[in-house]
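Labels for the chains are A, B, C and D, by order of writing; each one numbers its residues from 1.
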Amino acid sequence: MNGVMDEKNCSIACNIVSKSYIDLGCQALARRTKLIKTLLSQQRLPLKGWDEATIELFLNNIALMDSNNYLDKVGMGEREGRVASGLVLRRHFRLSHGIGRSGELSAEQPKAAGSSLLVKLTNCLVRDSLKVAGLQDVGLVLTVPLATGMTITMSLLAIRNMNPKARYVIWPRVDQKTCLKCIIAAGFQPEVVSTKLIGDKLVTDVVAIEKAVSRLGVDAVACVLTTTSCFAPRAPDDVVAVGKLCQQLNVPHIINNAYGIQSATLSTLITSAWRKGRVDAVISSTDKNYMVPVGGAIVYAPRNRTQLVERIDKLYPGRANMSPLLDLSITLLQLGASGWEKALLQREKLYERALESLKSCSNVLGERVLDVSQNPISMAMTVDSLSETERGATFLGSMMFSRSAFGARVIVPGKKQEVGGFQFDGYGAS
Amino acid sequence: MNGVMDEKNCSIACNIVSKSYIDLGCQALARRTKLIKTLLSQQRLPLKGWDEATIELFLNNIALMDSNNYLDKVGMGEREGRVASGLVLRRHFRLSHGIGRSGELSAEQPKAAGSSLLVKLTNCLVRDSLKVAGLQDVGLVLTVPLATGMTITMSLLAIRNMNPKARYVIWPRVDQKTCLKCIIAAGFQPEVVSTKLIGDKLVTDVVAIEKAVSRLGVDAVACVLTTTSCFAPRAPDDVVAVGKLCQQLNVPHIINNAYGIQSATLSTLITSAWRKGRVDAVISSTDKNYMVPVGGAIVYAPRNRTQLVERIDKLYPGRANMSPLLDLSITLLQLGASGWEKALLQREKLYERALESLKSCSNVLGERVLDVSQNPISMAMTVDSLSETERGATFLGSMMFSRSAFGARVIVPGKKQEVGGFQFDGYGAS
Amino acid sequence: MNGVMDEKNCSIACNIVSKSYIDLGCQALARRTKLIKTLLSQQRLPLKGWDEATIELFLNNIALMDSNNYLDKVGMGEREGRVASGLVLRRHFRLSHGIGRSGELSAEQPKAAGSSLLVKLTNCLVRDSLKVAGLQDVGLVLTVPLATGMTITMSLLAIRNMNPKARYVIWPRVDQKTCLKCIIAAGFQPEVVSTKLIGDKLVTDVVAIEKAVSRLGVDAVACVLTTTSCFAPRAPDDVVAVGKLCQQLNVPHIINNAYGIQSATLSTLITSAWRKGRVDAVISSTDKNYMVPVGGAIVYAPRNRTQLVERIDKLYPGRANMSPLLDLSITLLQLGASGWEKALLQREKLYERALESLKSCSNVLGERVLDVSQNPISMAMTVDSLSETERGATFLGSMMFSRSAFGARVIVPGKKQEVGGFQFDGYGAS
Amino acid sequence: MNGVMDEKNCSIACNIVSKSYIDLGCQALARRTKLIKTLLSQQRLPLKGWDEATIELFLNNIALMDSNNYLDKVGMGEREGRVASGLVLRRHFRLSHGIGRSGELSAEQPKAAGSSLLVKLTNCLVRDSLKVAGLQDVGLVLTVPLATGMTITMSLLAIRNMNPKARYVIWPRVDQKTCLKCIIAAGFQPEVVSTKLIGDKLVTDVVAIEKAVSRLGVDAVACVLTTTSCFAPRAPDDVVAVGKLCQQLNVPHIINNAYGIQSATLSTLITSAWRKGRVDAVISSTDKNYMVPVGGAIVYAPRNRTQLVERIDKLYPGRANMSPLLDLSITLLQLGASGWEKALLQREKLYERALESLKSCSNVLGERVLDVSQNPISMAMTVDSLSETERGATFLGSMMFSRSAFGARVIVPGKKQEVGGFQFDGYGAS
C-alpha cells in the first residue's frame, strides 16, 4: 500500500546500518514523499520546481501502478500495454497504456491507475499554469496529443455533432495555411472575412463578421474562429468584440491561441473575451508555449461555458497517445510555478529586446518597423528597398535562418498559392 | 559531412593508440556504418534486428541533423523544437520537431533533416513489415500519431473532402463502441447493417449492404466500413465480397484492421480483397500489432488505389507528434525481419494454444467453445450455465483479469447501452 | 519516513481516480515494497531475479537517503558528493559518496545512509552467491574496487602489518605476469616453487613448499600464495594439501581464485581446504565470475579465520570508488539465486562442449588435447605440428581471436621474458 | 572506417529527403565531427565545453571500437568484457574492459581500442586542466581508480621497489587519520615531525625534517610526505623549502595535494617547489577537485622528474576499473577549459565569502577567526566560549551539518585516539 522504503523497511534497515544514519536518510525521503503528497492533495503546480530525482521517482511509482508493469503476469490474452523494445519502454518511463478509454480522453482506465492519475493531474497542472500566465476563470482544460490545427478540427467536429446543420466557419483572414486546413479538414466551408488596415496594423472587421452571419444564417454558421497569434503586421483578432457579437448572435466562438500563452497581453484579452462575451473553446499549442516537443495542444474553456470542451473530450475515438501529456507533466513539475513565471517573463523581455534590435537594424537599412503594438508575438519591418528583386528579400530571410534566428519570413509580393483547394491572391503577403 | 569517428579521425587516433588496434576498432565501427548504409539504400527491414547500440547511434546521428540541435544557436525568434526539460529532451533522443509540415504528414521539414529522414524510413519499414506479415501489393503506408479509431475518422473526413455530398457510412455491425464513434465523430450517419448467424458465426450480410447502398443512393454513401478484428462469435467481415461489391458499385471501401496484422489469415484476406475488388484504405493499430505504447496507427492502401491515403496525408492540419513513429522505428529495427516474423509466428501459436486451453476448460464446465474458425484473433465460449446470474459471468471475467489474462469480456445478455446518441438492443452481446 | 506513494498518498489519490483502480495499483506497488522488505530482512539473494524497474526503484530510493541528494542544501563547505555533470550523476543513480570511511571499506558513512546500506547488502548478496556456487562456511566477504592482483597486494600488505618481519611469499609457479607483480608490488620477495609434471598435468609440489618454508624460516614467510585458475596444462594448486601444511606450520595461506567461482569443482576444493587446513583469504575477480565490467574483486575468508580479511577492510586508506560494488549489486539482484545458478551451470556446460570441440579439432590436426582434468577453466592441446615455425602457431591464435573465441594463447617455446625484474626461462610456456 | 552518417550515407540519404535539407544536417554533424577531430589532434581541453549530445556521441563511438561490442561475436572462450546486466552495460556507455593491461595502467589493450584511446585522452585532458589551474611544467599525469590515500600508498610501494632498504616516511604532522594510514598500509614506519606555531598558524618545521633525515639515515628514508590541504589552523606545508631540502639531501618528496587543485595559491607553490627543488609525485583527489563521485585520484610529476610516476604506472597488478576515469573525462569535456576556469574562480570566491561570513559570525559569538592566510582551503575559528562543555561545541558542528554546510569539524580538546597502532595526544586538535 506504499512506496519501497516505507516506515517498515526503514526500520528493518536499522538492523543493517546505524539507526541515526538511516533516520536522516528516511527523513530525506519523507521530504520528497511530502512534495508528492502536496501535489496529490492540492493538484496545483508546485511553487518551486521539482528536481529530476523527484520527478523520476514519482513517474516510476506511478508507472508501477499500471497493469503492464504488474509482477508475475500470466502474459496471455490481449496483454494491454505490452512493449517489445526495452529502449521504447524505458523512454516512456514504462507508461504504455495511453490516455482515455473508449474515446473519452479524460476517462479513467481500470487497468492503468497510474496513467489515469497522471492524466488528471497534468490537466490540473496545466490549468494552474494558465492562471499563472494571466488567464482567469478557466473552467475545463484538456491536453490532447494532437497538433493545434488538428485540435481546432476536433473542436469543429464537436460543434457539428451539436449542430448538424452547420456548414460555415467564419474566419477573419490570417496568412497561415494551417488555419484554413483546420476548417476544410472538418468538412466545413470557410467564410473568409478580410481584415481592415488601420495605421500599420491589419485588424478584425467585426462589422463584416456580423454581416457574414446574417448573410449565411445563424443555423448554418458553425462558429466564428478567431486568431490571436499571427505574423505582424496582422494584429491579433479583437476577441473581446467578437465574443460580444457571438454572445449576442448565439454563435459559437473558438479562439486559435496557438502561441499566445506566452503573452500576458493576450491572456488578459481572452479573459476579457469570455467574461464579457462568448468563448466556447480556446486552443493552444504545447510546444512553443511550454517548450516541449512538437505535436500536442491544450483546449480550454471558461467556467461559464464548458459544454464544447466536454464534448471534445468524449469525441476522440480510441485511446490516445500519452507522450505529449507526459512531456508536459514533466516540464511543468520541473519548472514549478516560479520557473514557469520566470520563463514567461523572459519571453516578454526577449520580445522587447528583439523589437529594439529590429528597430536599430531597420534604421540602418532605411526601413521601418511596423507599429503593430497589439501583436505581442510577432514583429514586422518593411523591406521595400530589398523587395525590388525577390532574391534580395529571401536572402535576408535565409541569412537570418543560418544565423539561427528561426522564424523569419520574407513575403514576396504577388505570388499565388493554393491551400486545400481555395485560392487567394497574395496569400501570405497581408 | 560525416560521422564522428570518420576515416580522418581514426587516422588521427593512430597517433595516440597503436594503429593495429585502432584499425580493428574502426573496422568494427564500419560494420555498423554499413548496417545503416544498407538501411538507407534499401529502405527495408534489416534481415536481422539491430542491437540497441546501433539503434541509439543511428538515432543520435539523425537527431543532430535537426536544427534544434545545431551547435551555437543564436537562440532567438521562434526557436523551433526548443525543449525546456533535459529529461524530456533525452527521452526523445533530442528529436523534437514532430512530423510533417503545414499538415502534410509525410512532408519534409527544411529545419529537420533528421526527423524528415526518420519519417520516410519508418514508413518504408512498416511497408516491409506488412509484406512479411503476408500483405501483398501494399502501395502507400502512413504512420500517424492517432488512435485507430481517430485514424478512421480522418479517413472519413478525407472522403468527405472528395465527396461533399456523402452523408452515410455503411457499417456491418460489430460490438465495439469505438467503431461507431469514428463515424459519428466525422459527422456521418452510420447505416448499421446486421450480421447473419451461420452456424456459430455471425457473418457479413453482403446482400444487405448492397440493398443499403441502393436505398441511400451511391452519392450519399461515403463508404462501406468493414471490420476484421472483432470479438468472437462475430467473424471478420467478408472483405473480399464487400470489396467486389464496392468495386462494382463505385463506393469507397475502408477496412478497420485494428489488430489484424498479427494474423496471416487476415492479411491474405485483405490482399485478396484489394486484388479482386476495391479497398481505399486499411487502418491498423500500432500498439497491439507491433507491441509499442498505445496511441498510434498506420493507414495503408494497395498499389492500385492510393488516392485516399494521399488525401489523408495532406489533411492533417499542423505538425504532428513523432513519438508513436519513433517507437515504431525503434521496435522494427530491433526486431528486424526475422524477429518480426518470429513474433508473428509466436502469436499464431499462442492463439492455438489458448484455443486448446479454452476447449479443455469448457469441457470441464460443460460449456462449448464456439466454432468461429474464421476469427483468428478472438475466441468465444458459451456461458449458459453461468449466465443465470450476472454475477457468475462477470466473476469469471474478473478472475481472468486478476490472473492477468487480459482481454476477457463477459457479455451480460439484455443490457442496453447508448453510444454517441444511438441506441442498440443488447449492444455488445452479439 | 517512507516511500513516495505511501498509504497516505494512495488514499489521497483516490480523490482523483476511482478507489478501486488506485487500490489495484497500490497493491502492485506493495508487491515490490515487499520484495525490498524481504531483501532487507533476509539479506540474501532473492530467489527469483528482480526486474529492472524494481532495481531502479530500490537504487533511486537508496540514493535519496544520501546527503548529496537532500533537498534544499545550503551548498557551502566541503559539499560531500557534489557532482558537476548531470551525465555522470545519472549514470551512478546519484550515488556519489563512495564506500567506506577513513579507510575502513565496510564502515558506515554518517552522511550517506543509502550508500552505507548498499555496501552492506551487496556483501551479503555476494556471500550468498558464493554459497550457491558451492563455497561452504564463508565467514566474511568484502567487495573491493580493485583488480584481483591489486587485492592480493592489499592482502599481502595486511599480512606485513601483522608480521613486519615477513619478507618472502612462497608461490607455486603459474605463468601469469600479474601474480608475480602482486608480490613484488607489495614489497615482498617471491619464492617461486616449481610444479611437478604428472602425466599431462603440472601439479603442486607440496614437499618443495615445506622445504622452502623451513629454508627461509617461518617468521620470514609472509604466506603461501596458491592459484586455482590457471592455463592448462597447469592444474589448479592442491589447496587442500597446502592448507594442511600451512595449518601445521602456522603460515598464512592466500588463495588466488581469480576466475574459480564459476567452477563447482574449485569451490568444493576451497571449502575442503579451509575445513581441513588453513586459509586466510581467497581473492576472486568480479568481472569474469559475475559478468560485470573489469576492475573489481572480492576477498573472503572462512568462518574460522576472518582476521586477515578484517585487517584488509581496515587497511584501505581513504574512501573507495563504489562503481564495481554497484555493478555487482545490480547484477546479483537481476540474476537472483536462480539466475545465478543457471549462469553457473551454463558455463560448466560451455566448458564441456568446448572441450569436446577441441578434441575433435585436435584429432583432425593430428594433435592431442592434454588431460588436465583437474583444471575446470582452461584447456590445452599440443601444437607440435604447428610449432615448427612461430608463425604457424601464432596464426592459429590470431585466427581464433578474429573469430571471437577470445582467450586463446599460443605459447612459443624458448622465449625469455622479464617480469618486474625477475627473469624466467620459457616464461609463459609451462 | 568511419562514423555512421558518413559522406556516403549522407549522399544516399539524399535519395530519401531533399539534398539541400540533408546537406544542412550533414554540415551540422560535421561540426561535431570537427570538435572530436580537434580533441584527437590537439589532445587538450576544448576551449568551450561540449554539450551532452557530443559527449555521448563520442563515447558511443569509442565504445563500439572495443571488442565486447563487436557485432556477431562467436561468444565463446574468455569473452572479455562480457556484461550480464543491460542496466550495468548502459551505465558504462558499454565500456567494460577497464584500463591498463597486465598491470600497466596506461598500457593499450589490443581488444579495447576505444577504452585505450579514452585512457590516453583523459590523462591529456587532466594535464591540461592542471595547467589551467596554475600548475606549470607538468610532465606526466596518471588517473587512477584509487582513493587519494591509497594512491599515496601505491607511490610509497613504488619507492620501496626502487629502494628496498627504505623503512621510514618523514611526515610533518597533519590531523588526518588517512595520511597516517597511507604510510602504515605501505608497510613503512611514519616518522612524525611536529609543526611550529607561528602566530595563529601551525607551519612546517623544515629544520626538524632535516634532523630526522640525518638521524634515520638517507637510505632508510623512503621519502618526505608533505601535505597542502589540511584543516586550519594548520597551514599548508612549505613544499618549496622541503623540495629544496629533498633536492639537497637526495631524498624523494611526495606531496599530498588532496584538495589543492582548487587553489591557485597552492598550484603556484607546487610549481615553485618542483622548479626550485625536488618533487617526485603529487597526488590529488578527483572528487572534490573535479566534482566527480568519490574514489579516484590523479598522480602527477614535473617534467624534470617523471621516474616515480612511471614506476607507479607499471606497479598496479591487474586491469583497473575505468569508472573514475570515465567520470573525469565526461566532466572535463563538459566543462571545457572555460567552464573549468570558471569553476575554479567560483570556489576562490566562495572561500572568500565564507571567510567573511565566519568573521561576522565569530564577532557575534565573541570568538575569533584564526589568521591562517596561507591555507586557501580551510578556515578556523576559536570556540573557547563553547568548549567548556563538549556538548556545546559538537552542537555547533551538528547544527552546521543539518544546515548542509558540510565539512564542519569541532575539535574537542584532550581526546586521545589511536590510528593504525600509533597513539597521539590530542589527535585532531592541532
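By our rule, a contact is a pair of C-beta atoms (placed from the backbone, for glycine too) under 8 Å apart; a residue touches a chain by one contact, two chains touch by 3 or more.
As the structure is a computational prediction, the values presented were derived from the model and not from experiment.
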item: Maximum centroid distance from subunit B, chain identifier (CA atoms); value: D
item: Cα-centroid distance, subunit C relative to subunit D, in whole angstrom; value: 27
item: Interchain centroid distance [CA atoms averaged], subunit B/subunit D, Å; value: 55
item: Whole-Å separation of chain centres (CA-atom averages), subunit B against subunit C; value: 49
item: Shared-contact residues (touching 2 or more other chains) in subunit C; value: 52, 56, 67, 70, 86
item: Touching chain combinations (by label order); value: A-B, A-C, B-D, C-D
item: Residue ranges of subunit C touching subunit A (in the complex, touch as defined); value: 1-10, 12-13, 15-18, 20-22, 24-33, 35-37, 40-41, 43, 51-54, 56-58, 60-67, 69-71, 86, 94, 108-110, 112-114, 116-117, 120-121
item: Subunit D contact footprint on subunit C (complex, rising order); value: 52, 55-56, 67, 70, 72-88, 91-93, 95-99, 102-103, 111, 145-150, 152-153, 157, 160-161, 164, 177-178, 181-182, 184-187, 287-288, 290-296, 315-324, 327, 330-331, 334-335, 343, 350, 354, 400, 403-408
